[in-house]
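Chains: A, B, C, D and E, in written order; residue numbering restarts at 1 for each.
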Amino acid sequence: MLKVENLHAFYGKSHVLHGVNFEVGEGEIVALLGRNGSGRSTTAKAIMGMVECTGAVDWKGQPTLGRKPYEIAHLGIGYVPENRDIFPKLTVHQNLMLGQKRANQTGRWSFDDMYEMFPRLKERQHTEAGVLSGGEQQMLTLCRTLMGDPDLIIIDEPTEGLAPKIVELVGQYLQKLKQRGVSVLLIEQKLTIAMAISDRALVMGHGSIVFQGTPDSLRADAYIRKEWLEV
Amino acid sequence: MEFFTVSMLNGISYGLLLFMLSSGLTLIFSMMGVLNFAHASFYMLGAYFAFTTAQLVGYWPALLVAPLLVGVIGAVFEKYALRRVHKFGHVPELLITFGLSFIILEMVQLVWGTSSVDYRVPEALVGPLFTVGGTNFPKYRGFMMLVAMVMLLSIWLLLTRTRIGLVIQAALTHPETVEALGHNVPRVFMLVFGGGCALAGLAGVIGGNFFVTEPGMATLVGSVIFVVVVVGGMGSLVGAFIASLLIGIIQTFAVGVDASLMGAAQTVGLDITPESFGYPLWRLKISQIAPILPYMFLVLMLIFRPKGLLGTREG
Amino acid sequence: MTHYEFKPYNVGRWVVWSLFALILLVAPLVFKSGLSQTMLSQMGIAIIVCLSYNMLLGQGGMLSFGHAVYSGMGSFLAIHTLNLLSKGTLPIPVSLIPIVGGVSASLIAVVFGYVSTKKAGTTFAMITLGIGELIWASSLMFPEFFGGEGGVSGNRVAGPKPLSITFGPQIQLYYLIAVYTFVCTALMFAFTRTPLGRMLNAVRDNPERVEFVGYDTQKVRYLAFIISAFFAGIAGGLGALNFEIVTSEVVSGPRSGAYLLFTFLGGATFFFGPIIGGILMVLAFVLLSELTKAWLLYLGLVFLFMVMYAPGGFASLIMMNLRVAAFGRLRELYVGYLGLAVTAFLVLLGAAGMIEMVYHLKLNAALGPELTFLGVKLNAYSANSWFGCAFIMLTGLGLFELARRHFAHQWGEIQEFIEKEVKRREALA
Amino acid sequence: MTYALELKDLRKSFGKTEIIRGANLAVAQGERVAVIGPNGAGKSTLFNLISGRFEPTSGEVLLNGQRIDGKRPFEINRMGLSRSFQITNIFPKLSVFENLRCGVLWSLGYKYTFLKFLADLDDANERAEQLMERIHLHRKRDVLAVNLTYAEQRALEIGITIAGGANVILLDEPTAGMSKSETRRFIELIKEVTVGKTLLTVEHDMGVVFGLADKIAVVVYGEVIAFDTPEKVRANRKVQEAYLGSHVADAQVGAH
Amino acid sequence: QKGETVKIAFMDPLSGPFANVGQNQLRSWQMVAEKLNAKNPAGVKFEVVGFDNKGTPQESLNTLKAAIDQGFRYVTQGNGSGAAWAILDAVNKYNDRNPGKEIVYLNYAAVDPALTNAPEKDGAPGCSFWHFRLDADTSMKMEALTSFMKDQPNIKKVYLINQNYAHGQQVAKYFKDAMKRKRPDVQIVGEDLHPLGQVKDFAPYVAKIKQAGADTIVTGNWGQDMTLLVKAMIDAGMKTPLYAYYAGVSGTPTALAAGKDLEVYGVAYNHSNFGGEIRQIGDEYKKRFNDDFYTFATYNGINMLAAGMAKAKSTDPVKVARAMEDLEFKSFAGDVKMRGSDHQLQQTMFITKWQKMDAKNNYNVENTGYTFVPIKQLEPYVSSTPTSCQMKRPAAAG
């Protein structure tokens, strides 16, 4: 579904991605692993058209490179940024509304689904999102993107700052997404959960993919783990 | 009683006029966070455009055409200039509108000259609407009130019944994220800015002939509209509405009050003579400061209630 | 805004300050005419005012629309003091009058500043706007203090005259102003290097966090506001001496606006930016307006373009080039600059020619279609002039675009080099 | 005995919702306490109440036996309490060094002075330099804080917090967003600089919690439901249910 | 001095909001100079050059410096007393400090009476040897106006509305003084001073005037403050007669025309329906610039300079200034005299009434079809006011 070829990305003059290649298939959960600063978030932004880049990104057979982020979003890619970009002055509910691309859009997910998934959000639905706790904000960003009914969702470190119990929950929900036919590109730091739920794992280092394989093969590959994941 | 009624009517209609002048500014400020110093210039443009279009096709079409033209100019400005400086922060945004106001002023003087133009109230709206004990209440004032109410209603609907308001508010702080959610942020910004300018233009069409259409007209209303927006609570439309009315009414009644501090002091037995310290201040009558009361209002409001009347946030 | 603090001595800094002093010293010897001497004097004053304004804007993030209140009230109190002095009731020399202006302005700031600085951001901006409007409006209403339309005038040739310096001739006054300019600039620079100065930056950046390292943000702003008013008042006092008349325009809104605009144009993010701003302010108001009737249009356009393309003001442009120079790459750029300058000049020439013709048609058409622009005779009715101007402008524009592309490329390459170099040095450190 | 920090029946409501519902806690001098609890339980809010960012609706906060509730943040800071923020809160346009020096100035008594040069404040400069080295940012001495990476900003956040040498330090998720190695290093650093001081830290990472804390306070729904040694808290049924989840108690801890 | 060129520096706003007035007046000076160059008794050639003082005192000082640098010895200014004071003061000081290079200042429209009187308090400047005023000052105009008003029996209750600054305050003060002398029975039923240029809506004032039961309104307002006042009166259907200083200034006539039967009187040293040379100049001016010629003082200014130079047989400012003291010369409306004691021109004043054009009064003001018809002519002595000026004359000039 998503095919990334020879992707190079730049922040101004600094060259961050050096030829990234990978694919994400339909209904697949792919984990993108790597150390801090290895370029995972940049990859996500490049796919969304938010950084300057060269190479090719194909989405359902259509090239998307050079399009504007909102156009890419309309093509069905959802993105959950890493730094909890909730809209602080809007209420929780309004934040979710903005996830929808058009007013009263109906898709796989309804407000109720979201509130069911995270009851905490339901309780806070009329609160300004800016005052939510860190973890609540994290939940909100995830739900907001889901409201846009994407076919592929790119999630950047969704479990950051979540209580262990909720981390498990998020894992379960990602599985659920998959069941409903949504592909997931999961950028993670926490190996445990990433390995537990993903179909395939990618490991990134210094701006390129240094390993592709199943979680099991990654587990088996001590060298990659040592060199590119742990210190 | 007659004086009271007339003053009340004057106050309300003046307040509504203020609202008309500042609604576009509120719109832009609340949604985009831009303090548009060229707002009054767009108001002036509206008046001049209306003057010219009214000569060509008559007043009523001008009522539509002139604001549209102003709106287009505003949108173009947003697209090619304001947008570029958005990322630099609020001060540059404000300054670029400052620069624009110079340019508009000079352009207006080049095209229409530096004297006032003879932009008149249409025949149909000349004359009294009704009479209160010998004082006419002009039709045009009534018309102004009507338009102001329509403006209030339509902006309110826009803000509460559409998602455009949400998109913009969110885009203010996190434009990238909003785009990633599938919203065409730049276009929305352009529409809002253009819309706000068009509102200013409409105020110009209506205010231009009520007041005087001349190059100084922008400066005349320049700062008082900021007072309305701030006193109402930055970005609160209803707040701006209430503030306009309050300012209009207070100012109007203040004109009728000839009391001074000196009078007050004398009633409590203090004797103030021209030799007393600060005599000019003691002597000052309320009616003399009526036109600058809004600024006092502004300062006091910000000191004691920085959010403004209905504002939800500060700064 | 990086601060390298070399102790004990910073040679570069000594050079810069000596140069500044030297320029102040010789400027009137180079520009001798009466007008240029007053202009130089005004520049000195403008420099102080803009620097003091930048204490608020650049260093404290406080956007004030009422700075003229403080410089202006300083002027008024200074001129009243001068008049007392002329009458012999006050035994202080004329050269100390600006200090009176400064002290009185800061006293006023003690009152108004308290209410203004309670909040930051837009609230602050709007309070200053309101206070500014109030003072301006009352300046006309109270002729007793503000002198009505005619303002208050005085005579600076008064009081004791040590060394037979009367301050009558402009040149003597200029040197007084120069001394004040130098000292005030030095003091304001020193301020940026003090704990309060630094906390002011911190308050600008993140007031909330400041509260959690022990500082009361409101108090930081308040103190800075008073200090800034002090310098503004000194400038006001110097202005009173320079013009020997103070009218209500010195507290006016447009005056406050001019401080804001030109401080920004000079560059609010660098200490020395406002110095450029002050100089430009005087040039624009005095010279540009004599040169052309369209000066306000030009001014507006300059602002528009500066804000869009160089939001850091002239100072940032200079600093960018200094950085290139520091890495030893400035030389290669001179061809590029030359190209840019020549082509930009062509564009300007053509555009200005047309603007001048339009203005001429509008304002002076009755005096005949001819006008002289930069020594060239243009005929506003002839297609030739228009065509000529348009041709020059369009050719200029085309060439400019070429030059710009070339330059942008070169510039980008150099910046890349510098980035790398910085990284390399960082790694070495 | 006087506690370093004591909360007595602390309550806080926002509008109608009560977020902190009668929290009680007494932290002794020199104790290192980890505060854990589900998302939205009120941990950060508790910190905000203690540090003066919010005013409690009712109840008392005592710092070394003195009431501090209702005081402004800078007053509390001057009394020897310093905190970091969950969402990075630094001075973006100042260099790393300046950021740290800002954290140092008041505690060394320089206050609002504008009669001394910063360059001459040897003690402050030295302290800032030392700190910079300790948080491994000395290579970025003159880099503006905005230009730091996220992890570096987090480090700076903590640097500013400990710069003033306060006796009671509150850290809100100090290691969020850091990689494992960085986390490890930071835990060491935190341990080092808080020797003899009182520390409260919010954490979701159980590895950190168990590695760092003498005691753990569990906040659930605005109340402190448990306050005890790590072993006892881990064994606590209620805590497991409310927070740790089924297998985390052992699995995740083991992972580190 | 025959054949010499005398350069006059004109300093008034040529850009910004008052540029229209400034431009108009500069052209008036230039055209009058051109006309009179052909036949002036001194045989000199006048050349008027514009300097843009932007209407502000401070910029006036800069333009003055610029003019001095360029060798100008005569300056003229009129728009606004603020700038006038600045120039007066600067000229005084400059002449003091630069003997032999003196400058003379012709004031053609700034009407603060204090400019030709003794200083009101210490430190303030007052009348000056270097300053000559061609316009009639506020007190003189009020003298003329009240001389007319005292004969109007239906004036009983007067309402004063003025701008709260020097000029407006003076109008109010002089009116009260004069009326007390001339018609003690006239009652002042109300008095308003409003901030200059701040009022957007005059309806409240109109309501207040009505409430006060006034039968006459006196105002010194000008510009927007005048136009908006008139508009508000028309809107409210108020017909109370209006006695104004500046009913004829740009834009106001257009507003007046909408009021149809509004009763408006003005006072000035001129009116628009003269015949003779001045009319020719006016007509030609209108043809050339499509604008009204209203600054008649320019005619007097050039004439006075020429006569002064002829008398002094020199163009040296000190000598010319001396010669112009008590000089009698021809104005557009007969003989006039520059009073030596305070340098205030003594001239005939006119009361005009706003009405439809007719055969005799056919100057179409702002193309409204209306005009200001002179209904009373007052000889110079009527409006002449005493001066407290104690002129200090330079020794060289004595």
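Here is the rule we go by: contacts are C-beta pairs under 8 Å (C-beta built on N, C-alpha and C of every residue); 3 or more make two chains touch, one makes a residue touch a chain.
Everything numeric here is computed off the predicted structure, so don't read it as measured data.
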Shortest walk length in steps over touching chains, chain B through to chain D: 2
Between the pairs A-B and B-C, the one where more C-beta pairs touch: B-C
Distance-maximising chain from chain A - centres being C-alpha averages: E
Gap in Å, rounded to a whole number, between the CA centres of chain D and chain A: 30
Chain centre separation in whole Å, for chain E relative to chain A (CA means): 77
Centre distance in Å when chain C and chain E are each reduced to the mean of their C-alpha atoms: 37
Interface hub residues of chain C, defined as touching at least two other chains: 137, 141, 296
Touching residues (chain side chain B, partner chain E) in the complex: 2-3, 6-7, 10-11, 13-14, 17, 109, 113-116, 118, 120, 128, 131, 134-136, 138, 140-141, 210-212, 214-216, 219-221, 224, 251-253, 255-256, 287-292
Complex contact set, residues of chain C against chain D: 1-5, 7, 190-191, 193-199, 201-202, 204-206, 208-216, 219-220, 223, 227, 426-427, 429
For the chain E and chain B complex, residues of the former touching the latter: 17, 19-20, 23, 164, 192-195, 197-201, 203-208, 210-211, 224, 227-228, 231, 235-238, 250-251, 254-255, 258
Sites on chain B touched by chain A in the complex: 162-163, 166-167, 169-170, 173-174, 176-185, 313
Residues of chain D that touch chain C when the two form their complex: 51-53, 72-74, 77-78, 82-83, 85, 89-95, 98, 101-103, 105-107, 110-119, 121, 138-140, 142, 144, 160, 163-164
